[in-house]
Structure formats: C-alpha cells, structure tokens
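Structures incoming, each one as structure tokens.
The following pair of complexes shares a single chain, chain A, combined with chain B in the former and chain C in the latter.
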Partner chain A sequence: MDGPILEVAGLRVDIPVDGSTLRPVRRVDLTVGRGETVAIVGESGCGKSLTALSIMGLLPRSARPSSDHVRLKGEDISKASPRRWRKLRGDRIAMIFQDPMTALDPCYRIGDQMVEILRQHRSISRSDAQARAVELLGKVGVPTPEERLSQFPHQLSGGLRQRVMIAMALLCEPELVIADEPTTALDVTIQAQILRLLRDIQRETGIGLVLITHDLGVVAGVADRIVVMYGGEVVETGTCDEVLGAPLHPYTEGLLRSIPVPGETRQGERLGFIPGVVPRQSGEQTSCGFLKRCPYAMAECAGGPVAIRDIAHGRGVRCLLPPDPGARDPGLWTRFETEEVAS
Partner chain B sequence: MTSDALIMRGVTRDYPVGTAFGRKQTLRALRGIDLTVGKGRTLGLVGESGCGKSTLAKILLGVEQASSGEVLVEGRPISGYGRLERAGLIQPVFQDPYSSLNPRMTVETLIAAPLAVRGIGDSALRRRRAREMAALVGLPDHLVSSYPSQLSGGQRQRVAIARALIGEPRILICDEPTSALDVSVQSQILNLLHRLKSELDLTMILISHNLAVVHHLADEVAVMYLGQIVESGPSAEVFARPRHPYTEALLKAVLPPRAGVRLPELGLEAEFPSPLRPPSGCAFHPRCRVADGLCAERAPERDGTNHSFRCHHPLGGGDQAAAMTTPETA
Partner chain C sequence: MAAFITKRLALTVLVIIVTSIVAFMLVHLSGDPAAAMAGEGATDADIAAVRETYGFNRPLYAQYLDWVAKLLQGDFGRSYYLRMDVGDVLAEHMPITATLGALALGFALLLSVPLGVFAALWPNTMIDRFSLWLAVAGQALPSFLFALGLMYLFGVYLRWLPISGTGSWQNYIMPAIALGYYATPAIMRLTRSGMMDVLQSDHVRTARAYGLSPWRVIIKHSLRHAIIPVVSLAAVQLGFMLGGSIVIETIFSLKGIGYLAWESIQRADIEIIQAILLVIATAYALLTLVADLLNAALDPRIRVS
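After this line comes the complex of A and B, so read on.
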C-alpha cells in the first residue's frame, strides 16, 4: 500500500523555563508521501528544528512534546519506547544535520562509525558492512572512498563531511530522512551539488524527504510541497508552485518581497521587509500570531487564534483574509515608514 | 589620481603555518591583488570561503599588513596613516554584530565609542551625535539606553553601522554584513546601506557570499578565487556577461525563490583547493569545464580593461550567460 510515510497531526512542544512555559511549536501538521520532498521553511526561531527533533524523538530533556499522532508508515512513534527508538532511528528514519559534527564522532574513524551503524541494525559481517560503506560513500560522491574509511572526520573538508553524513543516514535504506539545514553552512557551489545528490538519491530510492531550510531559493530548487512555519505554527501549505507563485499568507508574501532577485528586482530598489520581530512564544495565543507585523491586519484578526483554512486538497492557509493575493497591494511591503511595530 | 579611494597593486599576504609534521609552511592567502575602487563607488567582492576576502578587508582596515605590493588609501600609502587617522577614514561592519559589541555598554555609548577613542568633543556632544546617528540608521530613540542583548539581530547591525559611521569615515568595509540575518531583516539593512551610501557619498566594499546581495548594491564586482581576482568589472556587465567560467558557475548557483526553478548543473566537481598547495597554471583548472593542457601549465594573465578576467578560454559573452537575467525554468 502506498499510504503516506509520515503523518504528523497536532504536534506541539512546550519548554518550561524559569517559571514560565515557552511554546516554540504550537500547531504542526505534516504529511510526507513516498518519494516526496516536503520543505519546512521559515525564519530562525520559528520552531523548525524542534519540529524535526520531536519527530525523531531527539528533543532536549526539558522539552515536553505532545501530539494527536506521529505515524511512520502507520505506526504511532510518538510514544515509542527508548528501545523501539534505537531500532527505528538510523534504520527506518534518519536525520541529516547542518553541522555534520553533530552526527559524526570526532574520535572514531569514518569506516568504524559506518560499520557500527550497519551492524547495529543488520546481521552483516564486518567486511560486508565495509563494502556497503564504500559503496555508499562512492554514491554520494566522496572521492577514493576506500581511503576515507580509515580517516577521521576532521581530516575532511566541510563539503566532504556533509557527504559522509548523508551516506551514514542512507546506510540502512531508511524510509524517511529529515534534513535540517543540510547546506546552510556550505558554499553555494557545494550547496548545489549536495542538493542534487539528495534529490537523485531520493528519486532512486523513493524515500520521503523532509527538508528544513530558511532559504526559499533552496526550497524552489528541490521541494514538491512547502510548509511555511511562523511562530511555532504552520501558516501555509501547498505545492512549491502554489506557494511561491501565489503566496496566500501575508508572512509568506512578506518573505518573498524581501529577497532581491537578480534580473527581477532592480539594483538598489527599495526591498520589502517585515516590520518588527518574532515575538517570544510563551502563553496561549489570543490572536493571529502574525497580527502585530501584518500590514493587512483587520479587527477580526485580534479575536482569537486563527485556524488553518483548507483552500483545496493540500493547500491551506492560517489567515482570515480572502485567499486572493491578486486583490492585495504587495507594494505595501516596501512602504512601511518604520521597521518598528508598537508592542 | 585622487578620484580613486582605494588602490591595491600586486598585493600578497603570506601566513606562516605549521603542518602536522611540524614543518613550517607558507600559506599565500592573497596572490597578487590588483584593485581600484573609485570614490563613492561600491565594490562587491565575491568568492568561496577561504579565497581571501576577509584577508583583503583586514589589509584595507590596517589590522593586517600586506606581505608585498602597494595599498593606497585616498592616494597615500596605507602605512603612512596613523592608527586614529586611518580609523577616521575607513571603518568596518562585520557579519556578527553581537560579538563585535561590548555587552556591558549601552547603545549610546557603543555608537559614540569611536569619538571617545579619538577624544572628539565632550560627553554631551558625543551623546548628541550618537542619538543623531541612531536616528540616521533607523534605531528608535527609546533603544539608545538599551544593551546589545536587548536588541534583535537587525537592530544590533544598525548599532554597528551607526558606530562605524559616527566618525564620518569616507570608506566602509562591510564583511558579510547581512549573512547572520533573516531575509526579512537583511532587506532592511540592504535598504539602509543603499540609502547611506548615496546620502553620505560613501565608498564601500561589500563582501558577501550571496550574489543577489552583491547584485543589489554593488556598482562594480570582483570575483576572487584562491587569493586572486579572476574577474572584475561593472556589476551589470559581469552579471549579464561573465567571461570567467568560475563566475558563470557562481551565477548559476544562485537559486531564485521562484516556482519552476531547477537545480543548476555547475560542472564543478572537484573541491576548492588548499591554498597551501595551489594547482599549477590557472588555479581554477582542476574544476573548470573548459580547461585544457595550457590551463594546467600556464597561469593566465589579466585580460581586458574595464571588464577584466584571467582565463585562457574566456566565455564568449553570449547566451550561456543568461543565468541571472532569466532564471532557468523546468
């Protein structure tokens, strides 16, 4: 059966700090199908990494997650035991981090680390495991893979380390890979290679890929579907073409108006921006989370938290405005008189 | 030639480095830089990390010295300026405003610091100037008595810019000024820099790994590769018709946030080389899609005048350069 690989509903993460409770992830729903790339996009602090970590069962100790369900191929993994997690992680679901040293142990040779992962999940001989490691290193474009097995992570360049981590994530042929800012620390030339690599592997193996990034250009290059997050909530979903071509949520629109695009924006022309800053996410919501920064805000927006409105299958927006970007004046984003908002 | 704010001629910079086996080696971070920036112009400097951009900036700021070559600031050798005199003329803005701002000083004190260091005015005058600068860079008045930790990233970068500008320098060196910021804030800082450069007639060097940022602000652009400038010229010209294959690859690597954009095939398979062991001939040849035997043998001289490049097989300047003007669509 070709049901979704990942289904997340009503995900929420609370973190108690100094007597109050942070609510960095409030309402996240997410579905990833076989062979599909879903991008989670949003600016820093909107809860992308915590969303990823809670799906992976890797949240910091202090965090308190809750959800309606988090299903991997139908199995609810949100309440999996640590023992079950040791079987799932690395085998059926794997993660790629921005900083490869999060996943690589500096004190162990690359070969040993890869063999250990395989032997943890498969009954496979050492030499077969090594052969598999070499095969995967070759596949992700690491030159002279045999020689790398005996190297330590610090002996490799940043781009190569990233490839090694990708190879490690793919060792056991997982069904789902979550990549959190996998190319953010890399040069643009290396970024393009790594993104192509992820895309090719994904097409070949049919894995579901969740790609987390703050870079809308990266999203445009690789995503099938986009989930836009703001202040711990999903504020817009749709296909890549829908969200980038006709953004419905004012936050998405504001982001797209902020980015200079050679050949489109004129040199030195005034760029759009989003006034104000992301508010601290504590307490329950009493209005639309974007209210104070939104140039289109109406009286109703202050009435209470806003529900996701389903526009079409897979297309949703958390906004009370009519879902018609053509009826708005996007020039608005460049005409704010100040970058501050009243608090 | 006093119309040029900055001139570098044949500038090199060597760093002594130890190797794993304890041998001393020399890392040549800059390998002969020729550069001219006219007064009031903005030069964008691009290239992969490790190519020498920050080293070049540090030499212009006087915090590092060139190992050889000539550096002229407003027509005079940089070594001829005293520290304070130089600081009055050239100021930096760095990527991470947090680490460059003393957390125990208020915004007002931070902005006024360059005046205090140079003993300009009394404290009342310095405070007044600091408030004027805060207003100029769009910091609201109520923030001047805050501490850096109470500010957002964008506000901290405004403080850094205000502090750089308070002594009325003529040259601003911005090293990745927006790289730590979210895009909705980056655009505010780009708007600000654009306004300031014309209002104050600043000469600016803008270092960024983001070509869209450079395209947005720079009049001229210089592309660096392994310690050399491999292509330079008027920004519009270089972006529309790159002559060096490396420039072309960098331009193609820009992913505009638009529906239907495809991942580019850059054909840059090999990795950025180590400056300790620069490749023979043209340093780019191991990664170049058009390189041949000549490229491995002989380093190309600089060619062209206004729009110049170092390449044995420059691109024709025809349609292969369309990457920046018409985003590739699927």
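After this line comes the complex of A and C, so read on.
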C-alpha cells in the first residue's frame, strides 16, 4: 500500500490576543493511513477542533498556523493557495460538523446543496448529480431518498440531518474525512447508529477517517488508533486497545477513571476526576503541560517541556514516568477531595 | 404557501380598513370641515348651508359608510377647492411620487447593500471606515441641506442636471439621490451587521469546507440570509418615501403626493387629505405584504412548516 493519506508534523496555531499570544495548538503530529480511523480525544479547549480546522485550512482569520508539513497523499497543503484549497476541500478532504441543526443552509433544499457541491468539483449534469445524491443518501440509510432531495433541512430530524452531512462528505469520494464531534449533538440512541454508519462507510470505502471527540465511549468500537490531546499537545498515542486498556499518560488514566463502567462500577462508588481545570494556553511552556493537575508529578516534571517518547511503533507518550501503569495506584483518582478542584 | 398568502392578505385588508377609519376620524374631528370650507368671515348661516350641502350634519358613521361605499366604486370624492375629482388629482400626482420613491430606493439599495457586504467582508479596513463615515454623514446631514448642495454642484456649478420641474427623466436624478441617500445608512448598517453574523454561522463554514467558490458563499449562502431584515426595512423606507418626501418634492418642485398633501392641508381640503392618508396607508400595508412574501420566498422556514 502506498504511504499515509495524511501526515501532520509540528502543527501549531497561535492566536494573537491583545498583546499576548494564545497557543491553543502547540505541537501536533498526526498520521492517518489508508482505511484507518484515528480518534483525537481530549477535553474541550485542548485544541482538537482547531487541529481539524487547520488541516482543512478553515481557521479563523486571526489565527496564525505553522507546521513542518501537512501532507495529503504526499502533497504539502500547508502552503497551498486559496484556489488549491478550494479544489481540495469537499473533493479530497471533507468535514462533518458537530451540529447538524445548523451546519446545513436552511434556505436550500437538501438536493440542491448536494448537487451544488458535486457540480463545484465535477463537470457533471444536474440530473446525474441528483442521481448520485440519491444513491449516497440511500447508502447512509436515509429513507425515501428521492423525496428528501426536495426537502429543506428544518424538515428533517437531527439524526437524518447528520446522515445527510455524511452523504455530503462522501459525494466526491474523498480520501480523508474529518468528523468533528459528529455525535455530540445527537440523542444517545442515534449516536450509536451514526457511529456504526461511519465505521461501515469507512470500511467499505477505505477512506481515512479522523474522529474528533471528547467522549472515550465513542472511540472504543470505532477507532483503530487514538491520539490523546491535552493543552494543545499530543500526550499519548497508540492503538485503541493499548490506550484504553493500558493508558500510560496520567491524563489518559484520569480520563478513563472518570467514566463509569456498566456492570463494574457499583452504586455509591466514587468516580475519579482530574483535579483543576484546563489551563489557558498562552506563552511558552516551561514545564510539562499537565504538571499542575498531575497526581504523579515529580521534581523533574517542572524542568522544561516534555518531549514525546516512542515506546513502540505507533505508541508514544509525553511523560517522564516509567511506561508501566501497573506500578501506579489505580484508586488514586477517586480519592481526590472536591476542594482540590479549586486549586 | 397558499395558506400563508391568504393569512397575510387578510391581515393587510384588516389594516387598510382600520386605517381608513382612523384617517376619516382624524380629518373630521380635527376641526369643523364646514367652517373651513366656508372660509374666513363666513356667517353662521353660510356654514350651516355648507354643512347641509355636503352632508356634514349627518352622523359620522353614516358619512364614513357613504365615503367607503363610493371608494369601493372607485369614487374618491370631489375636491371643493380644486373643483376636480380627487381620483383625477391623485392620478396626476401619484406617478411622480411613485417614480421618485422607486428610484430613490433603487439608488439606496445599489449603494448601501454592496457597501454593507464589503464592510462586513473586510471589517476595520478602509472600505469599512468609508462606509461608516458615509452612514454617519447621511444620518447627520438634513436632507434639504444635502439637496441644496446637490443642486448647487450639479445644477448651478456644473450645469449637468435641471434643478426643478418634472419635464424629463433627468429631473428625477437629483431628487432620487437626495431622498435615497437618507435611507442609505440604515440599510447599509443592517446589511453589514447581518453579513457579519451570517459569515460566522455554521452553514457558511460548511459551504467553505466543501470548497464552494467565494462569491457563491457570499451571495448564495450569506447575503440571502442577511438581506431578509433589509427587505422589511426597505419596504418601510419606501413607504416613508411615498408619504414623507414633502421636503424633497418642494425643493425640486416635483408636484407629487407630498407636495399635494402639504398644499391640501393648508387649504383644509379634507376630501384630498383623507384620500392621501388612505392611499399612503394602503401603500404601506401592501409594501409590508410584499416584503413578507419576499421574505417567505427567501427563507423556506417562513413558508414551509
């Protein structure tokens, strides 16, 4: 198989605000192979959405992105012209957004919006474009797709609209689809349907899928690999089993400890939480980014920014602790007192 | 859509009926029409005679119903001062005001909508500042002063355009600019703020994320949303121009409705005054209806449930 579809190296995003500089994304490396689903996981404010938007070239005007490279099938797109960007977006890379209620234009029929995208990128007749739209709507499980073409977004339920968004993303057979919290705005029962649909589509078409989420539960059945982000940095990478089964970074460990497990977590048992709040990311780093919230913090952690360590192929962690979760105390996260939240 | 139109239409008719009552009452309660008609120095007997002749001694509702019954047959009554049918007087003045209003609104829209769009696309740049300056100037400058300035520059100094009269299409250029300029600031600022909001919205981000060309994103997916409140505002502005362009019509000696209203009020020519009130109110109601229908055409959420 040829090389990876997406290679991001050293991505950072600076946003100048009133004299100081916010650094919501500090250094992100990301590789997505053909037919692979990579989940980017992290709390809100960790920089995951901005990472996605900078891959799409859709950052807000005030943001200043920089990177070693962002390669799409070998082509460095980080310095692409606006014209080249427009050719890539919707055609080679497509994006599915969080809120299907607002992501579609309420003024146009579903069919017209799909045809417009297709005809922007392909010289194809209107009726052929419509046929293709019907085909894809059927594929993503929209009932009576022909009738949907003439409906407006507000006439569809949230789940259906997200299916329409997925169909839109697939119109031009892109190599890469970025789904930014695709299920967050949906009911839990619909979430599972949409996730299964994304996984099935991904398997069938062999696209690269980047799934951005704050919900580790979403990740488990869908992702091949997980990239955990914290404070604008990648703190841990690995396969789904590795990261969820044996987390190495204290932050990942804390995240997992804070999820109740059906059948295991008993009534009245304390759930874990990570003390403190996500710090505002500005200025240069002088220590490990997780230092202030880390229960395992050591003197060395304050010494300077921590580099990512490769434990094995595709397995990395940004932490100075020995990569042996068995040596740690798993009950630690549940013993924090709530006062520590304030610290 | 049919249900929507029917509902709006019924509402419009209701508004027109109510305003016809108000117009009638205002004119008949603001003074004794018979005394005004009889003129100064008329004896009580003269006034009583006038009252008898014109039926002012009947109950108000009877006079109103009589007026409405005639209106429905297309009879607006007769001006006692001009000794002409009010319908003919209106037919003579109405086209002038309508032309002026349409041209003025056209000018205002052509100037302010593109400026508003550009200002929203490039906020805090030269073009944004220029349009803000234009808006402030338009808001602050009295329209008669602006009109006089135009007259001096293009009429007296450059001698490009006629200063007064209604002889040719050139007569309408300066009045339309002077009248339209007054409506420009509000439309421009509304377009700008609407565009700023829409450009931030999710569906515009989607349009960009799918590689649509910039002008498609701006016109099709942004301006269409931002223009909806502008349509409503423009309808009100046009209604205002149809009824309230007295100053501009007077300055440029355009014998339109505003001019006629002003003259008729001085003469207490109540048949004409109440007809003008009714015509302007009807125009307002119809313009609002048109604006609602346009908005429904622009935004399916208004028309499709």
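Everything that follows uses one rule, which is that the second predicted complex is superposed on the first by the 333 of 343 C-alpha atoms of A that agree within 3 Å, B and C clash if a C-alpha of one lies under 4 Å from a C-alpha of the other, contacts with A are read in each partner's own complex, and residues count from 1 in each chain.
Here is the rule we use: a residue touches a chain if its C-beta (ideal position, glycine included) is under 8 Å from a C-beta of that chain, and two chains touch if they have at least 3 such contacts.
No experiment lies behind these values; they were computed from the predicted model shown.
Undergrad: Check the residue A:Asp14 against both partner chains and state whether it touches chain B (first), chain C (second), both, or neither.
TA: A:Asp14 contacts neither chain B nor chain C.
Undergrad: Quick one: classify A:Asp68 as touching chain B (first), chain C (second), both or neither.
TA: neither
Undergrad: Touching A:Asp29, do we find chain B (first), chain C (second), both, or neither?
TA: neither
Undergrad: Would you sort A:Gly254 into first (chain B), second (chain C), both or neither based on which partner it touches?
TA: Touch status of A:Gly254: first partner only.
Undergrad: First (chain B), second (chain C), both or neither: which does A:Met95 touch?
TA: Only chain C is touched by A:Met95; chain B is not.
Undergrad: Between chain B and chain C, which one contacts more residues of chain A in the superposed model?
TA: Counted on chain A, the partner with more touching residues turns out to be B.
Undergrad: On the A-aligned overlay, A:Leu104 touches which partner chain: chain B = first, chain C = second, or both, or neither?
TA: second
Undergrad: Once the complexes are superposed, what residues of chain A are shared between the chain B interface and the chain C interface?
TA: none
Undergrad: Would you mind writing out the residues of chain B in touch with chain A in their complex?
TA: Contacts found on chain B: 48-49, 138, 140, 152, 154, 182-188, 190-191, 194, 209, 211-213, 215-217, 235-236, 239, 249-250, 252-266, 268-269, 271-272, 324-327.
Undergrad: Contact residues on chain A for chain B in the complex?
TA: 43-44, 141, 157, 159-160, 187-193, 195-196, 199, 214-222, 240-242, 244-245, 254-256, 258-265, 267-268, 270-274, 277, 338-340
Undergrad: If we count contacts the way the header does, which residues on chain C are in touch with chain A in the complex?
TA: Those in contact with chain A are residues 201-203, 205-213, 216, 220-221, 224-225, 298-301, 304.
Undergrad: Which residues, counting only chain A, touch chain C once they are in their complex?
TA: 56, 58, 85-91, 94-95, 97, 99, 102-108, 116-117, 120-121, 152, 154-155, 168
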